[in-house]
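Take a look at the structures listed below.
Paired with subunit B in one complex and with subunit C in the other, subunit A is shared by the two complexes that follow.
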Partner chain A sequence: MEGFWIILVAILVSLNNSLIGSFLVLRKSTMMADAISHAVLPGIVISYLLTKSVSSIYVIMGATASGILAIFLIGFFNKTAKLQIDASIGIVFTFLFAIGVILISLYTQKADLDQECVLYGEIVYIPLNLIITKNGLILGPKSFYILLFILILNLSFIIIYYRYLHITSFDESFASTTGINIALWNYLILILTALTTVASFESVGTILVLSFISIPTASAYLICKGLKSILLLSSLLGITSAVLGYHVANFLNLPIPGCMSMIAGGVFIICFIISKVNLNKF
Partner chain B sequence: MDIINLIYRDVTIIYITLGIVLLAASSSIVGSFFMFEKKSLVGDAIAHSMLPGLCLGFLFIGNKNPIYLISGAFITGFISMILIDFISSNSKLKIETSTSICLSIFFGMGILLLSITQNSGTANQAGLQHFLFGKAASLLMNDVINICILSSFIILCVILFFKEFRLITFDKVFAKTIGFPVKVLTFILNFLIILSITIGVQSVGVVLMSAMLITPAAGARFWTNNLYKMIFIAANFAIFSGIFGAFVSYTINQMPTGPCIVVFMSILAFFSFLFSPYKGIIKVFWKRYTYKIRIEKENILKFFYEVGINNKDFNHIISFKNIKTNFSFISNNKLQRRLNTLVKSGFLYYLGSKRWKLTESGKHMGAYILKLHCLWEAYLTKYLNIKPCHVHEDAESIEHILTPELEQELISLVGKEFPDSEFYDKNR
Partner chain C sequence: MIKLSSDPSIEIHDMTVSYNRKPVLWGVDISLPKNQIISIVGPNGAGKSTLLKSIMGLIEIDSGYIKIFDKSLNEIRHKVSYVPQRESVDWDFPASVYDIVMMGRYQYMGLFRRASKKDKEIVLDSMEKLSIASLKNRQISQLSGGQQQRVFLARALAQQADIYFMDEPFSAIDISTENAIIELFKEMVKLNKTIIVVHHDIYSVKNYFDWTVMLNMRIIASGPTNQVLNAENFKETYGSHLNILTEVSNIVKKERIPIREKKLYKKKK
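For the complex of A and B:
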């Protein structure tokens, strides 16, 4: 049963991240996901200090708030101060992360909150954090429901606004000539990224979030041409690497996040070779 | 005994500070070149990619000898950098995507190897944890000596190859055509960058290392356009934050050194973004604001002059209501303020009860703006073959920007056909 929940959560994480990641890869801003997932640290620490509990909804809200703060700071420095985008990402997320680390070491010495769990995540402990009704009925882990909610949000957003997302991801200048507000869509995508990142890193850690956001989608992008096929294939590859990674980790007794990202890396190498072979033939 | 302890601690803090300052200075110097190549985030990826190398060095040698750890970290960092370049130049993926791919694959590998080292049960593997978040406050004499030697080596190399590095950073093609060994020089620069990341990761940790590289450089970029001066300012920012960060973390209990330095660097950088007199945010906003006011004032004068033309009487008196109908997008308050400043600078007479008329200099000013407007319209119709009915919009915005030199140029281009204000009236 525990394995079932872990796989289910991992599949939800990979689905969420592949869907959002496809748009990030097309917009060349996958490193924003890395930045957001580091920048959530001060939000987590501050809301922990205010509420004194690690697993409350306030922690998720705090994390989302500081992720969104990071998005707007990066956008502000990039647009207003004309600072190149990679530098503004690098400066903002390291600053927020440093503040988070300082807050942790100053105020939470005895608390069960350390920066390593942010980096690694605790997918093994997912089955321990269950929602149990008054009758004693076990409904499953909490992160499952959070991720399910985010998945519904992501899917409905993508389905409803598919045309806008499609056009702004592939041809920004054309989109702006047709009167679409590019900045608005960019920010909406990034806010969804922040939500997805926060919901997933609680269970799998920042690095696995980044690998699920970038690797399956980049592999799909290498061999597919349309947006629909990229979305489908990246979700498929993400689920494959999640399930395979879990079983390999169990078999070899290794940490699950590491195995999942290694399997995803293997998938990427295969896709890279396939794309090269295709190019050489035709 | 207490005194000896205190002196010992003071000596410790002095050499730790020395190490940190040298480290910060050297990484900000090579980081400046890195930032100009638009590779700021590659530094982050390289730092993360060092984890598997550290673990491998530890696994193979079995003790925490820093030389093996450093070389292991250096090698995987270098492999990751090569892979990032390889993927982005051999596929349609851009450098941002290949950066995040390499970062996550290498760090995933690092997590696997870390768990293997932890399972192997060697006593002092706990030290590896330091590489994630840094251990600046607990640097040993040996570490500091290593840092000093390597940082001085990096700084020396940059001083020696400064001209070459500048050339390959800004214009690789030109460097190649005049016969520079671009590949060798790029290799040396990358070597120095990875070396500085390797020694930095030990003291400030994986995540904050990229800040050490780019934050001072990005801040310094806002003060000058000269690379030499910029690197000098970046190094000073780094030294300043190194000293203050070490001092603050020494005086406040439990304050970690690395994050403290990074916060100081970020504050300096944010200060530069805001207050730089060349392109700071406040300066940009101020420029935009004054420009907007100037345009509004010029448009008001032009409006007065046009009314004068239409009525064949430049002493025509105009009430606030009339002005407002033409400038409905400006609020009443603002419009009143613009009119007041125009009166103060002698372009308008105020006749009481919200009525104004042009002064002599106001007339000249309005005529001048209208002349620029007509010149531009004539230029567009003559040289760009745009129909006269389409040129008005463009001239509306260009009339505020044209300088006297451009005006002369336009007059000589448009020549005898330069129309008077009648041309303007005809085409409205």
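For the complex of A and C:
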């Protein structure tokens, strides 16, 4: 039963990240995801210090808040201070991440919030944090429901606003002249990225989240013809890497998130070879 | 010579635009006629693209106003089409020629309506007019520069606007295609369309365009092409490499002289 929940949570993590990652890769803002996933750290620590619980909803809210703070800070430095986008990203996320690291080592030495858990994730412990009703019914891990909620959010956003996302990802100035508010859509995508990363960090850690966001999409990008097929194939590749990675990790007794990322990397290499051999895309 | 049009398609009054606190367009005051092919010419850095972007609301203007068919842009967006510079997008984006031209119909389709038979006909017709119908299913990453440019023009046609703003639509296009596109423009003008083109080839202006705007940070001349194309205007537009306005711009930036009259006005309130 524990294996079942772990695989299910891993599938949800990879689905969420592949979907939102597709737009990040096409908009050349993959590193924004990296920035956000690191910048959530101070939010996590501060809300933990306030509530003394790692898994409360407040931790998610705190993490999302600091992720969104990072998005706006990066936008501010980029637009107002005219700093290049990669420089702004570098400054903001390392600064916030450093604050998080310092807070952890200052205040949480005796508690069960350790850097390892936040950085590398503890998908093995996911089934231990269950939702249990008053009459003792076990509904499954909390993370599962949070990730499911985010997946519904991501999916409905993409399905409803597909055309806006499509047109703004290709040609911002044209989209803007047809009356679409570019900045708004950019921020909405990044806010969803923040939510996705926050929901994922507990399972796979803030560092490996980026591999779930970028690798399946990048693989699909190499062999797909259109946006819809990229969304489909990257989800599929993400799920494959999650399931295969879990079994490999179990078999060899290795950390699960690491194995998932490694398998994803292997899948990428296969896709790369396919794209070089077969020039007909899907 | 700045000739005003009595029944203008577009009217710009006292517009100043700046990039990064440095003014690039000064006191632009023009009105352009309807149903003509109009060119905007000037040297590199004269602000030609900036002028189009300001009209399309892509850049905030510091002062003045712009009216298209006597209305603000927001009121008549669906009548206005914009062709950005070809280099402004990533042509490795995963999409077919058909996908991109179909984007010209999104305004009419909204978020949910599927492409109707009419939408599809318009898209195919636009592609045929630019002779790219045979490339319908081709990936845009596999197109030549000239083909990419024609995809952008086809997308604009699919918008079925009344006024078209095109930023360097002839870049990367060979001379025979260029002629074919000019013929297409002439036919569009017969259907009461207005076409405004940023153009870099001064030698072809006389043959292609009914009306010409000569620009170098300010309007040097605006009027029927045969009246404005003269030695004096040429000298003023292309003459000195670093003209006095460039120097003034640099001083404005260096001395932090306020250029945004709107913001000052707000502060006084």
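Here is the rule we use: the second predicted complex is superposed on the first by the 278 of 282 C-alpha atoms of A that agree within 3 Å, B and C clash if a C-alpha of one lies under 4 Å from a C-alpha of the other, contacts with A are read in each partner's own complex, and residues count from 1 in each chain.
Methods note: a contact is a pair of C-beta atoms (placed from the backbone, for glycine too) under 8 Å apart; a residue touches a chain by one contact, two chains touch by 3 or more.
All values reported here derive from a predicted model rather than from experimental measurement.
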Room on subunit A for both subunit B and subunit C (clash or fit): clash
Go through the superposed model and pick first if A:179 touches only subunit B, second if only subunit C, both, or neither. second
Now for A:17: first (subunit B), second (subunit C), both, or neither, which partner does it touch? neither
Have a look at where A:235 lands relative to subunit B and subunit C in the superposition and call it first, second, both or neither. neither
First (subunit B), second (subunit C), both or neither: which does A:154 touch? neither
By the touch definition at the top of the document, which applies to A:163: first (subunit B), second (subunit C), both, or neither? second
Under the stated touch criterion, which partner chain does A:221 make contact with: subunit B (first), subunit C (second), both, or neither? both
Which partner does A:82 reach: the first (subunit B), the second (subunit C), both, or neither? both
Kindly point out the stretch of subunit C, out of 44-52, 116-124, 188-196 or 206-214, that overlaps with subunit B after superposition on chain A. 206-214
Shared subunit A surface residues [contacts with subunit B and with subunit C]: 28, 82, 221
Under the definition above, what is the set of subunit A residues touching subunit C in their complex? 26, 28, 82, 160-164, 166-167, 169-171, 173-174, 176-179, 221, 224-227, 229-230, 281
Contacting residues of subunit B [partner subunit A, same complex]: 35, 38-41, 43-44, 48, 87, 90-94, 96-101, 103-105, 107-112, 115-116, 119, 129, 132-133, 207-208, 210-211, 213-215, 217-218, 221-222, 252, 254-256, 258-260, 262-263, 266, 269, 273, 279-281, 284
With touch defined as at the start, can you tell me which subunit C residues reach subunit A in the complex? 20, 53, 56-58, 74, 77, 80-82, 84, 88-90, 93-96, 99-100, 103, 106-107, 109, 111, 139, 155
In the complex, subunit A touches subunit B at residues 25, 28-31, 33-34, 38, 77, 80-84, 86-91, 94-95, 97-99, 101-102, 105-106, 109, 115-116, 119-120, 207-208, 210-211, 213-215, 218, 221-222, 253-255, 257-262, 264-265, 268, 272, 275-276
